[in-house]
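Next up: some structures, all given as structure tokens.
Shared chain: chain A. Partners: chain B in the first complex, chain C in the second.
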Partner chain A sequence: MRMRGLIRKEFLQILRDPSSIAIAFLMPVVLLLLFGYGVSLDAEHVPVAIVVESPSPDTANFTSGFYGSRYFNPITVFDFNTAEQKLRSRLVDAIIYLRGDFTRKLRSPGGAQIQVIINGADANNGRIISGYVQAIWSKWLENIALAKGEQVNLPVNVEQRVWFNSELRSKNFLVPGLIALIMTLIGALLTALVMAREWERGTMEALMVTPVKMREILLGKILPYFILGMGGMGLTVAMAVLLFDVPIRGSLWVLFITSSLFMFAALGMGLFISSVTKNQFVAGQVAIITTFLPAFILSGFIFDIGSMPWLIQMLTHVIAARYFVSILQTLFLAGDVWSVVIPNCLALILIGAFFLGLTWKRSDKRLG
Partner chain B sequence: MWNRIYALIIKEFLALLKDSRSRIVVIVPPILQLLVFGYAATYDLTNIPFAVYNEDKDLPSRELVSNFQGSPNFKEIANITRDDQIAPLINSKEALMVLHIGSRFSRNLMEGRSGSVQVIVDGRDSNTASILLTYVSSIIAQFNSSWARQHDYELPPARLEIRAWYNPNLVSRWFIVPGIIALLTLVVTTLVTALSVAREREQGTFDQLLVTPFRPIEILIGKSAPGFIIGIAEATFTILITVFWFQVPLQGNILTLYFGLFMFLLSTVGLGLMISSLAVTQQQGLLGAFMFLVPAIILSGFATPIANMPHWIQIITFLNPMRYFMVIVRGVFLEGTPFHLLINQFWPLALIGVVNLAVAGWLFRRRMY
Partner chain C sequence: MLNTQRSETGSSNNININEGIVLEFTNVQKIFSSGRLETHALKNISLGVKRGIVTGLIGPDGAGKTTLMRLAAGLLVPDSGQIMALGMNVSTDYLAVQASIGYMPQRFGLYEDLSVQENLDLYADLQGLPKNSRPDRYEELMNMTGLAPFTSRLAGRLSGGMKQKLGLACSLLRSPRLLLLDEPTVGVDPLSRRALWDIIQHMIKEEGTSVLISTAYMDEAERCEEVVLLYEGKMLGNGTPNQFKKDLKGKSYTVSVSGMKKREIQEKIAAYPSVIDAVIKGGRIRIVLDVESPPDIEQLLPGAKVISIEPTPPSLEDSFISILPKRQSKNERKKTDKKPARTINRDHFENSGENVIEATEVKRRFGDFYAVKGVTFEVRRGQVFGLLGANGAGKSTTFRMLCGLLPASEGTLRVAGANLRYAPAAARSRIGYMSQKFSLYGNLSVKQNLRFFSSTYGLYGADRTERMEWALDEFDLSQLADSNSMDLPLGYKQRLAMACALMHNPEILFLDEPTSGVDPVARREFWSRINSLAEQGVTIMVTTHFMEEAEYCDRLAIMADGEILALGTPEEIKAGQKTSDNPEPNMEDAFISLILGKENKNS
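Let's turn to the complex of A and B:
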């Protein structure tokens, strides 16, 4: 009976504060749209300057590969200085330099040299552009050979097979990973704030003088936010499938169970943070720094964990989102792979039990 | 007037720093974040776990495998001999890649034909997978050119000579760490300012402030000062770490960087105060700040280039102050961009700042409960 009253109070608090509703339902939608549409490492229409010092049918043949590609937006200039100016003022990302002797050297035994200069400031983008240039170059070689009735004979050919996501669509792995991010927001950030607010406003003291037990207060917090978090999860999954065509190859019940486990871990962290800080500003900051940002950067959501230095890899082991992101990507793209799901679930249970247990132990009716 | 503002600034700092926990929260996390994220946030892959499935034991195939083994980007974790061993390794994420060489590989190569190898990649993380594939093709290209030279294959009529300016070894840390300066400055100043008015509103002290002789412009200056001062201090500290710890070359003029920083702070402090004066409670202030921060970070070009976004999102990014500062920070650090090439980044920041500060000052009196 008392529990019902407490839970009712929490629900009313959620419903009457537009900002909690916003974070539970508006935020997932905003994040999904942002990540679904806004985040992409697939560069297209890269602006390049092609320097053709002395135009000829051969140079035209080479540059046509760039004009026909959707990866490039080429402009042709006739001297290197103009191109360099454009690179320095960031109007183009790369220069393809065909020297005046290109046509002559093409037919000499040593072959011609094509200089490619890439703005490497964005290293990853630079690497992608260099890959595109190489692809156009080898296509061009193939065409030349074909025109002569020969075949290009490279010593080794690579045949690529990408499993689970053969077109390498980045949405397919970003959108499932977002579920972890959204549930972290609701579970950890929102609960940390709510609990800290009761301390800061003194309503915690008011609750303490009632017959409710501290642990009942805690349970009263866990249940509504659990439902809110799972609601956010459901919304995200629905949008992922309906709007972004992300496949779900695993089973829904595994998704539900693993999400519940993660939700408990996130709630545990949120409640623990607020019981330690008891101040909204500090709780909010701590929650963002210890839960949200790690879920973003240290979880394998965008950056590969295996490539981080050893010390930081160790650090990622205490971050619940790491395990959940791994489960999510597997469930969505590969299916119910138990060798991934079970160990990661155990880790989630451990983290959840640790934080909830710690909070449970700390929850006495005590001030200060 | 300046006396009053001075007193107000002192009061704001006391409100923020008198509590030892908020003091720690303002100072310690940015340092930790810079260190952790500076190392963690990189697109360069190292020690990619891969398995070798070599059905051909002759020299050329072993030479190719050793090129992978010798690369710092790859780490061999298993040597398999049967087809059905591939799936478990990839499924369980033990290996990200399996290098499969067929039994006729060496013979084809020795006879001057093309030998083909199969590369099986875990595409669950498509980003890692595509970076991995670029590594594979560069190892293969190296192998090809040295093999072609040694065994007189016909040389191609033209060769590419690729060079990267500003970052010759394409270290992605050089690009990401200056971005983190912008990221941390944004997060810290927005959080400090977004709660400043909301806290007083919630506690009822803002009404008291409004009945004092302070004019809104004075309150505005007083409320802005902590954001500015803390922002400059933290940015200075992170710039020092970037240069001396991470050894990212600072090519450009430090004054240009600080001018950009000042403009950026103007816009973020303005936005923070605007959010704060819209909020009635601290929770709303904080969540409001959050609703601004997340899109601002994602749409800034910090992790993925703006040029890759769809056109309508690219237009939205023009409203985002971080977008401009990102260009300034990275330009000054890596490319040594001079002041005059950055003017198109400076004025939007100033505009965003002034508009938001004006709206915030106007809201001080209009939004009372």
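Let's turn to the complex of A and C:
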């Protein structure tokens, strides 16, 4: 009876409080739309300026490779200064420079030179563009050789196949990662806030003088927010599949179980934060800094953990979202790969047990 | 020997109940430590709360009342000593104790986003009230508290008095044998306070409940059968109100004098060494002496025309004031020494007839709800003007409009000669405002708060230094100058807040419920400051819940539902409510009869 009372109270409060509804349902939708439509890590339609100082059939042949590619949006200019200005004003991201002597040198023994200038401010993007340019250039070489009737005999041939995300759509790994972010938000931030609210408004004092046990109070928070968090996850998964065509290659029950494990870890952190701070403002700040931001930055959701410095890599091991992001990306894109899922699940269980246990131990029914 | 017996038998032990003691503290100590600082909240307290009566816990702020309540409810563990409640050891059997007591914390413990009914359901679930007995109990409690028509309203939308009654109803759901109420009447209007006491009396008579109630109101303490007086963690007294008052027999008198202003008389008398206390009450001056002989008015007030001196029965408040160490005496004497140099003839201001505040048909609308429905009044320079009313009467809205914080929807407001509609900034630089919550920066020291608030009013350099020295000296804050304002006792916070509001020497001072929750000693200090400010020509506007404070005002307005029900001097207002049943109403009677009269008219 006591549990039922506490849980019903919690749901009524969730329904009446627009801010918890917003965090649980509006935020996921906004984040999902933002990342699904707004943020793309793919380099497509990269604006490039091709400088052709003296146009000829050869240069046209070369530039046609850029015009035909969906990766580039080329514009042709006839002097370098114009191109440089466009690069400086960020109208283009790269310059392909074909000098006036391109056609002549092409047929001389030394061969012709192409200068490629890439805006490296965004290092990642720069590397991608450089790769694309090289691909077009080697394709063009191949074509020339074929036209001359020569067989290109390269000692080694690269046969590229991209697995798991064959179209290289960044959505396919961003959207699963978002689920981790959204569940962190509901699990840790929302719980930290609502528990601190009880302390702040003095209702905790009134609850404690009833025969209710502290673990009932804790369970009365865990269960409703667990359901809310899983609801938020369901919403995100549905949107991911229906709106963004993200495949789910793993099984749904594994997804459910692993999400539950992560949810408990997040709830544990949220409850622990609020049992320490007992103040909504501080609890909110601490929850954002210790759970949400790490889940954003250090989970491998956007930034690859492998390319982080060693120290930061070690740091990511204490972040629950890291394990969950890795599980999610595997389940969505690869399938039930047990060698990934099981160790990550164990890590989640460890973190969840640690925080819930700590909160449990701290929560005796005393004020002081 | 007896102690070991008790702990062995544990919760099944009923010896205490048979003895008639439901709550017993034996040598209880409680120390709070934060960092290196240790606060002795309770020092060696031993007391017993008897069955079937109301025991009052009184004492100034920081005396340890809330700590004692929380210890009794098992929310805190004593550092030494033993607490037995209903025959059970609170430290070990706290769950069993909590299952059989009712406890209402200071903020009522309600969920504001749940309705009245949902709050009741929650606490019924938590207290394990059987389903089949609920409908009857709900009905009984709702009728008792008068909340029956509001069961579907959100608790957050209830008035202060209704919240307090709902909080009480939630703690009474399972008819507790022991009821602990922690300052249930702070900030609640007199009407609701009366209702609360009726409920408590009813519970005692009908259900045999024992009640421990902490309060800052002396008239409430007077209604308790037993009183415990706490001061700085020590118990200064324990007994019936009559036992407390015994020592003061023949030492209290009321004096009526003509030809002098009451406040002036009161101050002169209060400064006299053998006078313990002097207050204005019902148009007369009530004095308490430390000797058992009628006061020699010739000596106290040379040249005054005495109309009558009558002995009067001592009150608990008299005894409270006489028992508590007088912390302000040094300061008071110092001030009286200084006064002649600064005092300006008050009559000069009063005769000049200059209105400093003028409100004409002022209305304030929020959506289609009128919080203030056309109020008209004026305040003269150097007057103390009181604004009385229950929660939600429109006092705070009126106040905010006068301070230029909120524009009026209709009507004109003139403050210090400036029309607030056109020149709010000009008016604002000439007023000081002290809000209910004191608006201090908790993590700044006393000095830093003073410095900050003076700089917001454009005080710099030598002016500021001089003003800060004045404030530290005038409000007796020098010793605490470097403590964080957060750590100050409530009474000191109140002084600091008032000092901050006075840094720029305002002509008008607005005080929004400045004495809410402050004990009688601190309230006396506070009013003596107000009087001396008024004498210096500062106009003071104050809102209050304390009816006796209304008597200290020169004029006052009683508000309800955004309207002024009565306006005039305290005597005029009381005279207006004379009935054959009550030929000499006090302020509280007058207030209640005005409010009830209005309610009757509405229905």
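In the analysis below, the second predicted complex is superposed on the first by the 364 of 368 C-alpha atoms of A that agree within 3 Å, B and C clash if a C-alpha of one lies under 4 Å from a C-alpha of the other, contacts with A are read in each partner's own complex, and residues count from 1 in each chain.
One rule holds for everything that comes next: a residue touches a chain if its C-beta (ideal position, glycine included) is under 8 Å from a C-beta of that chain, and two chains touch if they have at least 3 such contacts.
Worth saying up front: this structure is predicted, and the values here are computed from it rather than measured.
In the superposition on chain A, A:Gly126 makes contact with chain B only, not with chain C.
In the superposition on chain A, contact of A:Leu207 is made with chain C only, not with chain B.
After overlaying the two complexes on the shared chain, residue contacts for A:Leu6 are found with chain C alone; chain B is out of touch.
Once the two complexes are laid over each other on the shared chain, residue contacts for A:Asp79 go to neither chain B nor chain C. Shared-chain residue A:Ile312: touches chain B; no touch with chain C.
Contacts of A:Asp17 after superposition: both chain B and chain C are touched.
In the superposition on chain A, A:Gln115 contacts chain B only, with no contact to chain C.
By the touch criterion stated above, A:Trp163 is placed in contact with chain B alone, chain C being left untouched. Look at A:Asp101: by the touch rule set out above, it reaches neither chain B nor chain C.
With both complexes placed on chain A, chain A has more residues touched by B than by the other of chain B and chain C. Across the superposed pair, chain B and chain C both touch chain A at residues 17.
If you check the complex, the residues on chain A that touch chain B are 17-20, 22-23, 26-27, 30-31, 34-35, 37-46, 62, 87-90, 102, 105-107, 111-128, 130-131, 133-134, 137, 141, 144, 152-166, 168-170, 172-173, 185, 189, 193-194, 197, 200, 277, 279-282, 284-286, 288-289, 293, 297-298, 300, 302-304, 306-309, 311-312, 315-316, 326, 329-330, 333-334, 337, 339-340. The residues of chain A lying in touch with chain C in their complex are 1-2, 4-6, 8-9, 12-13, 16-17, 201-203, 205-213, 365-368. Listed in rising order, the residues of chain C touching chain A in the complex are 32, 70, 73-77, 94-95, 98-99, 101, 103-114, 118, 121-128, 154, 167, 170-171. Across the interface of their complex, chain A is touched by residues 19, 21-22, 25-26, 29, 32-33, 36-37, 39-49, 64, 88, 90-93, 96, 109, 112-131, 133-134, 136-137, 140-141, 143-144, 147-148, 151, 153-168, 170-172, 174-175, 187, 191, 195, 199, 281-284, 286-288, 290-291, 294-295, 298-299, 303-305, 307-310, 313, 327, 330-331, 334-335, 341 of chain B.
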